[in-house]
Each structure stands twice: as structure tokens, then as C-alpha cells.
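What follows is chain A paired twice: with chain B in the first complex and chain C in the second.
Coming up: the complex of A and B.
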């Protein structure tokens, strides 16, 4: 009994078990006693008493009280004693009795069950005697056994017949009997099998409904008696694959299908798979699978088919060469796959998924050159079969394993050839689709696989579209979980670096990234902000190393579009930084128009998209830094950009910020030699610093007005030192002197006020500046002679 | 009371994991035939073979059994009365060797022989032919050590496929089974009135 199906042990069961033990003990004692008298009669050569006591002994098998397992124990006792009887009959034949006489004699036994056991026992002797054709004897015996219609008794009697007739079958196979053929032997076994199965199935309907569970349990115990007939057929050497395919299998299937009982069908189909050799299965797959299609609706067809496929898979592992030749010759794969659709219509999504999963495993294991094509065929058929089905959660798990199996067996680049992969994915709930997509991405990242061309990249995007694109309306009712999206998109973004031409071709790599941008663009703002920047960076790398100017311009244009999308998310700060990056690269390449476009785009964002003043200060700082690093702008463009930067600097809210930003702009003008504008900037910075001084005290950590003055003084010194005699709009020494005096006054009042960290810092800054001025005076005495320090 | 039977019947049970070659060993011994294809056995079934042991002709009833538990639905009532138990493993699969303990224990519990400590077992390490022995994982030493620890159980290395050591092994099995043939306890029914079954004694201690 299978533990899983055993009911919990109740008191009732315990009482019944105790009763069973008692009944069995009684019956065994009776068998022993009658056997004793039987053997005594044998010793005394008393044929009449032998019949009498052996009949009495066998009468114990008429009990209806015992469960099958207990009945089997009793049967084995009687069985052992019957061997003595068989030897006795054998000896009787030597003593002048013919086997046919004995065969007649035993038929006088009063009760039908003992009579039939005796008849079968004599039958064994009769078969050996060669007095009659074996086939006639077997036919007679198997028909006589029809006299017992009680299922348990009938099954055991026929089991006895099966066992006893084995010698006869061997004799037929060895051609000892000219009149009997292997066909007759097979017919005998099939007939016995059919009758036994009928008895076994009928048992289900006998007795009260409330004992149904108990009967099913008992039927499960009895199943091996029926299955054993199939072992006999498989052990017959003359039953070759032709006979198996033409007679044996169709006849077994006929009975199995017609009995319409799921217990019998589940068990016997499994028996067929286990008992007959691999080669037989390979050559008869069609018949078997067709039979599966005709089974009862409650029968677990999926499990049966999976069992067959598993067996064939094991054969592949054990005998790789012999089996693969056979599989190809007999088109096993096609024959398994083709009827699967028909079956899957009947069995529900979980069973279908299991069948396809098994066929997929088989294809992966057994196909050499064509494996990928076959895997794709399975996926395609699976997707088609389940498109309209309701996918249970169990089925979904199986489908997920269908999707992950090829992931383990093939490289990603091979996997991307599987055109039907996405359609199987679409059978799953979005959440599960995402899990598979994430698996795929993680595998690519872990292995460092390079996706080498646009076609492959396109199919990769199809595979992982659930995490790249927005769900179609109505598909995903989940609330958007931004954290989850961010996690996914970070993965996807890392994926971008794996998409490139392996031989470094800019053309191909750019085509790939163009496609990536296109697909990412479908992802909606929440995704775009994570994914597109990576595309931008990777294309920028391409621009940097590309020699082809025309293509560079094209790529830069592409970048502009990509960053525009980021800006629209809206992610202005991200877009702003990217525009600046592009400005630098375009400038580096000497592509002034592009660089200018990027810079103006950055200004646009600054103007419209960065509301926070602190962010504005930072952004302007970056912008000025960027412009300062550019080397290839023409004077007009550069001046326009620098002026704009200055304009925005002046508009900064805080005077201190204004001051710093403006004197930074001074540098921009100085690079193009516009000393007039440098001075304007410095003066404007000084004005801002003075205004700052007039306002409330600066907050902690920021530059106080005195510090600003010192900083401005330093700028003056810097530009004054650099400038050559005779230029227009130059910084005069008086300008510098004015600042020196201003700073000197401010610091002395600061020094007399309370100390503190801030004033210490300022005084230090001041003393450093003084030291710097003295150094300058020493170095260039004529230039600085007019500058005096009141120390 | 009962005179000794003229022919001796020896009952031998072959046990071991699925796929170790139990059925093949029996077929090779009884019919000198071998098939490489795996075929599961259902339940238990025997073949008989006459064999000469020293000066006696005995009939060996060799029970082949299902290695897969799911094909043993009726239990193991056929163990009872065995004269020898043959434990088979595959020298190329460690697990089948490790399971010998389970098979031996299971047999002793279910068959409950009178003298379990001295009940004759014979161990066969089958499939020594596979890959010329290069895929072997259970060494001869390991097997003989195990056999020694179980009371000097005879051990044979066999190949049902190549017919290596099969006859020798079964000769040994027959010899040991015959040694086990203890005088069956003499059974005397309390009453000779066969029509009064109800009076059969339960105190004879034999059932």
C-alpha cells in the first residue's frame, strides 16, 4: 500500500487489522493441517485422499474475509504446499496414469475453486507430458478459470495459472511442441490479462458505496497481479518488436482503453512503459501516444507521457549512440510532439504544460544538430496550445521551468534564436514574466555575454519586454512599485554595456544602441530615466573613438534626441549634465555646431527646468566649468555662451553666489582675450560682494563678505599679473590697490571683533594673500611698485 | 511421521535495487540468455532449475523480485520459507551497494527465519564487464569487507552479460541453501477429525 493514500489509523482500522490477523491465522492453521493430511496421503500413495485433503486445503482460499495482502500470504502457504502435490502428480504419471486421466480425475472435486487450482496444478504436469498440444491445454485452462467471477479469488487463481503456465510458454518458444506457436502463447497471456483486468475493474463497482475508498485501496494492492502478465509477455523472446507492435501492444491498449478506469489506466500504462524495452517503445511511439489520447478523462495522461519520455531520456543517457540513431530513424521527437496538441486540448493547462516540458527536456537531451530548432518547435506548439487556456498557478510554474530549461542548456546567443520563446512567456502573469526576464538578464551579466548584433538585440528586447516596456493597458493591475522598477532598470541598464559589436565596429555598435534607445523609449518615463543615460554614455564613447566626422555628427544628433527624452521625463538635472558631457565631447571633436547646440540645450534646461536655487548654483558652476574646458569654439559662439553664463550668474538669488559665479565667468572671457569683459565681471563681482555685506550675516560654512573680498582681490591679482601692457580695458594698478585697501580695512575690523572659526579662516586666507602679493612684488618689482601694503 | 520428500526443493530469493541485473542473472543461469535492454519486474516470479549439489539432485526455485517499490503492491509474503537470499548490487553504482544493508534487514524482518544470525546470504557484485571495469566504483575489497562483517557471507563478482561467475555463484547458492535445510518441525495435528476444522489447535506453536 502506498503510504500517501493510507487513511489515518483509527480505532476502527485497528480492530479490523486485529480481526484480519485472526482470520489469517485461522486459515493458515487450517491449510497446514490439511496439507499435513495431504502429504500423508501422498506418502501412502492414496490418490483419493490426496484429492480429498488437497481440496480441503484449497477450500481455505474461498474466504472473503481477508484483505488482498493477507490473502496473498495465505495463497503463498497453499502455493508452497501445491509444489508437493505437483511432484506427486508427476510421479503418478510415471506410475501408469496418463496426464489426461489425472486431468479428468481432479474435475470431480466438489467445489469450483479447489477444483480449478487442482486442474491448473495437473495442467503443469500435463503440459510437460507432451500428450496434447500445449495451446489446447492453455486455452482450456484459461477458459475454465472463467468459472471464478469473485474478483480477489479470480485474480489469485489466474495468477496461479500465469505462474504455472510459464514452463509451457517456454516449451512453445523452444519449439518443443510442433502444433503450438508463439502466437498461441501470446494469445493465452493476453486472454488471461484481459480477464484479470476485467475482474480487477469490476471490483470497483461491487459492494456498498461507503466502502468505496477501502475497495480502491484493495484494488491498488492487487494491481501487480494484473501487471505481471505484461512482464510475461516482455520476457518472451519470440515476441519481437514486430509482434509487439502489431499484436501485443494494440491488444493491451484495447483492453486498457476500453476498461475506462483511471486506476487501471494509470497503472497499466506505466507498466507498459517500464516492462517493455526501449527499442520497442521507440518503434511504437505513435501507437502508444494515440492510445494515451483515448484514455479516460480522469486518467493522468500527462504523467503517463512524461513517464515514457523520461524512460527514453534515460536510454539516451545510458546508450547515447545506439539510442540517438534510433530516435532519428524513427522520428521519435516528431511523433511525440505532433499528437501532444490533440491531447493537450483535453487535459487542462497543468497537464499540457507538463507534457510540453517533458518533450522539451527530451529535445534538449537527444537532439544534436537540430536541438535549437526543435526546442523552438516545442515552444511554439506549447504557446499555441495554451494561448486560450486558463493557466493555473501550477501550470504557470511548469511553464516557467519550460522557459528556464533552455536557459541552462544553451548560451544566450543561441537562446535568442528561439523565436517562440516570448510567446510562451506571454502565457504567464506579468509578475512571473518579469522573474524570467530578470533571470535572463542576470545570466547575461554573470557570464559577460556580448550581444553582438542588432538582430539579436532586437530579440533580446522581445524576450525581456516585460521589464523594458510599459504594460499594455489592462494587462498589469499591479500598482507601480518604483523601487522594484528601479532595481529592474538598473539591471537592464547594465545590460546595455553587453550590447556591442564584438569586433569593435562603430557602425554596428551604433545600430545596436539606436535600437536600444528605440526600445527603451517604449518603457515610459519611470524606466527611461534609468536606461537611456547608459545608452548616451555608450554612444559618447563611440563618438570619442570614431574617426568618421559625418557619423560623429549623426551620433551626436542621436544623442541630442536621447537626452531630450530624458529631459521630458522630466529629469532636467540628469539631462543638463548629459548635455554638458556631450558639449565637451563635441568640442573635443571640433564639431562646433553640435557643441553649441548641446550647450544651448543645457542653457534651456537651466533656464526652464531647474527651479531650486541651490541646484541652480551647482548647475551654473558645472556649466561654467564645462565652457572653461572647451577649446574649439569660435569667438562669437564662445562669447555668446560666456555672456549667457554671466547673465545667469548675475541673476542668482544670493549675492554671495552671484559674486562667485560672476568672477568665475571672468575666466571664460580671459581665454578669448576679452580683457574688457574680464574687468566688467570683476567689478560686477565686487558690487555683489558689497551688496552681500549690506545684507544679513551669511550662514555658517558659506563665504562671508570679507572672504569674498579677498577672493575677488585674488582674481584681480591673477588677471593683473597675466595681462600685458597696452591692452584695452585693462585692470589698472589703482583697481588692485583699491581692493587691497578694502580688504585691509575689513580684516582689521574682523580681527578686532570676536574670534571664532570663520574669522580664523578669513585671517589665514588674508595672510596667505598678502604673502602672495609680496612674492609678486619681489618677482616683478616694476609692475607692482605702485602697489602698497599697509602693514 | 512424514517421510522426507524424494526431491528437495530449494527456495532462493534474489533481492537488490532496481536495475542491478536480478532478472538478467536468473535468466543467464536458467536459460543461458541475456538481453541488454532494461525491463522492469513486477511483483515476484520464479523460474526453476535442477541442480546437482554434491551427490544430490535438487530443484532450485529462484525468485526474481521487483527492485522498484511501486511494483511490490502485495507485499513480500513470498520471502517466507526461503533457503537462501541472494543480495545483488551493481559495482558501478555506489548507491546499490549501500542499499544492501536495507535489503538484508528487510529480508530478515519479513522472512523471519528461525536462526537469523546464520541464515545463508550470498552477495553478487554484478556488471563487472561494464567499460572493461573502468566505471567501477565499489571495490572488491569494500565488498568483501562488508560480507565479512555480516558473518562471512560468500561473495562473487559476476557479469550476467558475459556469463562470468554465474554458475559458480549459483552452485554456491544451492550449496548454502541446502545446508539451511533444517529438519522441518514435525507437525502433529491435535485431532485427526478433518471435518472438525474449528478444533484445530492454536497451541501447536507452529503457525
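Coming up: the complex of A and C.
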């Protein structure tokens, strides 16, 4: 074990505690002994000895060795003995001494502390005697006690004065003494309170700095001695709300403010809130809140004010009717809000935010019809007060709760009336703003709330601008996380479906969507690609059901512009698909010019904007599928579009892709009755398949040549089965037979070769096709009689 | 017995905001063993939603899916039945029975499931079955005048399947039942 030079702290504490116990025991023993002599003198009716021994007993209270806690124990011991002394003085008065004589006599005691205790004790008798006006006696006592300036000794002496004077106060209140008024009684308590508080605060500065924390702890233990005065004031029935507002509260506040001590201020302000009745608070709210603005910077003003507001809120809950009438009559809300704003720059952002948060709760809880307007007022004041303040992270959390409170208490449409909501949001860091915005959007989606008009939509966009628009220059945004943006923007995109006229008005709904496009346009390319397609689809739905052709054309033109923006992101494939959707709808509405424009725009992207081969093959399939689905194109336009699609099919890089694409194009011509071109496509597909056969082995995942042959056979069968007798350029049964034979040859060589998964698949395709032909033969024996399956 | 959920064409967020709550109430996690999805779920959130119903999700690529890992077609064997999956926008003309028939032959499946048209349909084709579960969200279609949210469940027992169809009409879920048995 290492030798230690000084005992550890806990041992130090133990030693000190033991010392305290010893000192206390010694002092108590001395009190007991002197009290014994005092009582003997009382029994002997020896006034001189009574003075002598009681002075000696009270002399023990002059000690500086004891901690406040231990001093309190000693005081209580002496206090018990003083009761007997008081009774003795009372008896003396009956034995020919006047109270004023006794009052004079005790003043001869040698030491000031014992002398003052004796004076106060006789004072009680004097007050009861009606020999002098009570107010004069109280005034004299409270001033005489000023002789003790040692904090702990002074505090306990004055505590004794407080206890002893209670009877006098009651006498004044009962109007026993004509010369003294309630005002005098109040004045006495206030003065004693003021002096006690001064002593209490002074404790902080006595002794070495290193023991400051310990001293503050000790000081805290004495707080109720000071607070007792406020309890007395609150229990005086004659102190009505007028006197409270004009004298009591201002005087207490004056001392609380002037003492510039956070421990005292935190305690006493809370004490005021707790001891006086609700009605008093309601009528003096302004004074109290303004007083808070003058407190020390380390004082927890927010906690104090929140305590007051909570108390008022509880009153509301316990007595809803009475309280709400009082709140309205006295404009409690306004009187809380106005001074709160005045003090906000003094108390800092966190305290301010907490105060506004409490006022907001109060407004929501207590205002019936006007709540929304009041909530907005709170938000507006809050935003204004904190605009230039530095927002700590704690303050930010509180502000966030300010924003979520109305979100929980009101419907979204009501919420959107809160014009100041966005400005409170702007106080937060972008990340937190986003979290609130996401909360709002999720709530709308969860509830299925419809945002019914352009005005509401505009304000919704203001509310959630942080996730809709790009960060303004200068604001440091977090690093761009595309996945996060996607998730967020998908949420915003879903929101678009909630923005619509509830009565189905196309005009209003379109106005809403125009506005949405405008706002989304500010979001930058990363957002536009997620949000604008939704606007496109919602406008397309409007076009589909709108009877007004002129408006349809206008909406389609709008769509063209919106999709152009997506193309410019650049998101060519997405724009391409959307143009195709527009083509379909325009065609459905018989608006051929628009349909042709959209198809051309899609072709344009196909030609210039689709980056790779694989994407081109896919895009071409979509394009052919779309054209095959159109029903209202004129022959010339349709022919031009179909021919272009075929031309591009032939231009595809891989033969297998060419083959599939071209035989798909055959469908474009069958609907318009040009069966000649169908055959041309099928033959062209066959050529491509043969070319594919001549080339290197096909890569995994795509169709090999034999599979292509079988697919082409299926297409031949498709068109052969559908065609009516007597058309020009028909597919002849020999054409089909030729394919059947070709496929039969190819598959038999495939079957004899080594198997494998790929060839198994092809052979299955073949056998299924044969079964299909048999089914066709069974269904239409005449049509298929010439087709032979055996070669 | 295996319970298989078959659905597709969700189109969230572009065309609609979510699945109808009535469907969500039915599609609780742990009830089905497989999901066959015809594609066009359109967002990773919706795919995650499907995964939350059942982790075994078979999906093919729709026209508006951006996840390039989804295949164009897929064959899944459940019990003694072979199911084929294709979205359908590459099957031209869209929704055409004969063209779908060719895919059925090519994939060599007993039941071919396709989507894209947003219109629920079952069709006995030769001795096979063609199924289109429609759009589970009732998403808008540029072709169909209106769409009814729908999906179906297959209760597969060896070579037999009971098909339960669910459609949302006027806020109410209408349920129907049919049978399929593989021949030969």
C-alpha cells in the first residue's frame, strides 16, 4: 500500500461530521444547564436571575462553529426553553410589572444576541398587553433585529421574530388594535422578509471560495426560513388581490430582483407561484412576467415562467368554467405573451423557446374559439424574438416541440392557416427543419387529408419548402445523400395525390398542379426527377376525364413543358416513358396533333438521348407497345411513326434484338390492314434470325437462333390465325409450313446434340408450339388442313 | 399447401399514394409463403413493404421500375405447378391473349401471370391459365377508363390451385374463388 500524506476526502468529512456532533452536544448541554438555572430562578420568581441565566442560555446561540443544520437543532432546543420564559414574562405583567417596563429591563442584557432574543420574547407579551400600538412594537422589533448582521444568527433571530409576531398579526387582522392596519402588518412581514433575504444571500459570500458549493448546499437548506414570510403573507385574509398587486408583489419582486442571486431568485419566484392563489396570478401576470425579465442571468427564468403557466393550466383543468372566464376577462394570454417577448433577448434562446412553448400549450388548452389565431401569434412572436439569436441545440429541440404541438392538436387544413409556422421552422438547422417537414407530410398521408385549393397548397409548400426546394445559397446543407433524397422525395411525390379539388373541379385541380410544378421546379434536378412525374400523371388523369377539348390541349401543352424539364435533368429514359403515356392519352382523346407531338418527342429522345444498347432495345419495345395501343391516329401519321419504329428495329446492333423488335413491329401494321407489311416484317425477322445463326454463339440470357425461329413461327401462326380469307398480301399456308419445317430441322439437330438447360428450354418451347398447332387444327380443321407437322 | 400472393402495378409514388387500407389489413405479415409480383412497384419503399409481408418475393421488371436487377421474366415452381411471371409491357399488343400464349409456351408454364393493363383477368388458355392480378393500388392507367384495386391469392396443393380474387369496390372488398388443375 502506498503511504498517504493526507486522509481521503470521505475521512475528512467523517472527521468534520464528528466534530459538529461534538460541538452541538456541548452547546446543547450548556443550554440545558443554563435553562435549568433559569427555570429555578423562574420558580423563585427572581427576575434578575432569570435575566442572567436566560442570557447565558441564549449566549450559546452566538456560536460560529456549527453548520446551519446543526445550528437549527440548537435553535429549536433554545426555542422550547423560551416558551417558558415567555410565560414567565406574561405572569410578571400580572404581578405589577408593565410590559413596557419589562421591555426596558431586557435591554440591559450585556450581549446583543441574547438581548434581542429576550426583547422579542418580551415583545410578544407587550403586543398582547395592548399597552402600545402593535404596529409601533413590530416596527421597533424588526428594526432592532438589524443589530445582528451575521447571516445564520440573524436569520434564526428573525425566524424567531416571525414565529413570535404571528399573534400580533392576527390581532391586527381581527381589528383589535384600532391604530394598526393590515397595511402595517404587511409592511412588517415585508420588511422582515427583505432583511432575511439579504442575510440569506450574504451567506454565499462568507468564507473561502473553495467551499462555495458546500455553502450553497447549506444555504439551500435554509430557504424555507425566508419563504415562510411569503406563506404568512398569503395566509393573511385581509390581503386581497388589490393589495397583492399594488404592494405585496411589487415589494417582493423588488427584493428578489435586487438581491441578484440565482438561488434566491429561483426559489422565491417559485414560492410566489405556489403560495398565492390562482386569481392573484391571473390579475398580476404582467407584473410577474416583467419581473422575470430583470432576474439574474443565471436564474432559470424559463423554469419559473413555465411553473406559472403550468399552475394556470392546472387551474384551467380543475375549474374550466370559472378559469376560462377569468382568463378572457384579464387577457391572460396577451399578458403572458407580450412581456415574454420583451424579456426574450435577456434570457437567451433556450429559455425563450421554453417560455413560448409553455405559452403555446396554454393557448391550446385554454382558448376555445380563438386558439388558432393565438397559436399563430405565439409562433410569430417566437420567430421574431429568436430570429437573430443563437439557437442552442437544446433550444432547437424545444422549438421542434413547439412545431409538433399544433401538428398534434389541429387538422392539417387548420395548421396551414398558421402563417408564422414556416418562420419558426427557419430558426432550425436544415436537418431538423427536414424532420418537421417529413412529420407534416407523413401526417397528411396517414390521415388521407385532401389539400383542397391552390392557396392551401401554396402554404403547404411554404411549410415544407426545406424538402421541396434547394437550400438557399449560403446555407450550409448537409452532404447530398441520394438515397435519402429519394426517400424524402417519394414522400413528397405521394403528397401530390392529396392535392386536388374535393368537388372534382378540373380547373381548380389543374391550378393546384401548375403550382406544384412551379414549386418542384425550384427543387433542382435531384428532386425534380422524383417529384415531377407525379404531377405529370395527375394532370394526365385530369385530361382523361375532361370534356373541354381546349383545356385538354392546354393541359397537354403544360405536360410537354413538365416532361421537358425531366429530360433536362437529364433523365431521358423517364422523359421518354412519360411522353409515351401522353401519346396514349392524347390518342385516347382523339387529339391527334398532340399525340403526334408527344410521339415525335419520344422518338427524338430515342434517337439522341438513350445512352446504351440495352436501354435502346427496351425503349423501342415500349415505343412499339405504345403505338400498337393507339387507335385514333390518321393513316399518314401512323404510317410515318410505324415505319420509323421498324427502321430503328432494323438498326439495332444485335441480330437477335433486331429479330424480336421487327416481328413486334408486325403488329403495328396488322391493325391498319396492311398485311403486306406484316409479312415484310416477319420475313425481315427471319433474315435477322438466320444472320444470328451465322454468327458467334449467343450470350447467356438472350434468345438463341432456334428459339428465335420458334418465336417467329409463333408469330406466323398468330397472324395466320387472325387473317380473314381474301385479303391482299396474305400469309399463305406454305409460308407457315416453311417455318414449321425449318424449326423441325433445327430442333432435331439440337435434340441430337448434347443437351443442357438452354436446349431443354428450346425443346419445351417447340413441343408446346406443336401442341398449340394441334389445338388450332382441332379448332379450325379446314384452315389448318394443309399444314403438316410431319416432314 | 402453399399460400401465394400475386399482385403488381403499384405505381407508388407516381400514380398513387399507397395500397388501400382495406388491402393492407388483409395482407398481414406471415400469412403467405411466396409473393409473385408483376412489377411496376416503382419505389424501394414499396418493395420493402412487400418484403415485410413475406421475404420470399419474386418480381419482374415493369415499365417504370428503376431497379435494373429485376429480370424481364421469371419462372417459379410451387407444388407441382409452374408459374411464369412477366410484366406485360413487352408483350405486344398489350394484354393480347394469343401473344401472352406465346410467352406461356416459351416459358413452359402452367400459369402465366402478367400485369401492365391494370385490369384483373383470368383466362383459361388451351389447358393453361393466364392471370392478370390488376393493380393492387388501383393505379391510373392511360388506357383503361377506370381501375379497380385488385390482387389474388393462390392456394397451391400439388397440381391444384384455388384462386381467391380480391377487388375493392365502393370501399368494400369483394372476394371470389375459382379452381385450376393441371392436366396430364
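In this text, the second predicted complex is superposed on the first by the 656 of 791 C-alpha atoms of A that agree within 3 Å, B and C clash if a C-alpha of one lies under 4 Å from a C-alpha of the other, contacts with A are read in each partner's own complex, and residues count from 1 in each chain.
What we mean here is this: contacts are C-beta pairs under 8 Å (C-beta built on N, C-alpha and C of every residue); 3 or more make two chains touch, one makes a residue touch a chain.
Since we're looking at a predicted model, the values are computed, not measured.
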(message) Touch test for A:83: chain B only (first), chain C only (second), both, or neither?
(response) first
(message) So in the superposed three-chain picture, is A:274 touching just chain B, just chain C, both, or none of them (first/second/both/neither)?
(response) first
(request) Considering only touches as defined above, state whether A:221 meets chain B (first), chain C (second), both or neither. (result) first
(message) Looking at A:581 after the superposition, I want to know if it touches chain B, chain C, both of them or none. Which is it: first, second, both, neither?
(response) second
(request) Please indicate which partner A:498 is in contact with in the superposed arrangement: first for chain B, second for chain C, both, or neither. (result) second
(request) Could you say whether A:150 touches chain B, chain C, both of them, or neither, answering first, second, both or neither? (result) neither
(request) Mind working out whether A:768 is in touch with chain B, chain C, both or neither, as first, second, both or neither? (result) second
(request) Figure out whether A:296 sits in contact with chain B (first) or chain C (second), or with both, or with neither. (result) neither
(message) Which stretch or stretches of chain B touch chain A in the complex?
(response) 1-3, 5-7, 9, 23, 27, 31, 33, 35, 37-43, 45-48, 61, 66, 68, 70-75, 77-78, 80-81, 187-189, 192, 194, 197, 200-202, 206-207
(request) Within their complex, state which residues of chain A touch chain C. (result) 445, 486-487, 490-491, 493-498, 530, 533-534, 537, 540-541, 544, 577, 581, 584-585, 588, 621-622, 624-625, 628-629, 664, 667, 707, 710-711, 714-715, 718, 721-722, 761, 764-765, 768-769, 771-772, 775
(message) Please output the residues of chain C touching chain A within their complex, sorted ascending.
(response) 12-18, 43-45, 63-64, 89-90, 92-94, 98-99, 101-102, 104-106, 108, 126, 140, 142-143, 145
(request) Under the touch definition given earlier, write down the residues of chain A that touch chain B in their complex. (result) 1-2, 25-26, 28-30, 32-34, 36-37, 39-40, 43, 53, 56, 68-69, 72-73, 75-77, 80, 83-84, 87, 91, 163, 166-167, 170, 220-225, 227-228, 230-231, 234-235, 237, 271, 274-279
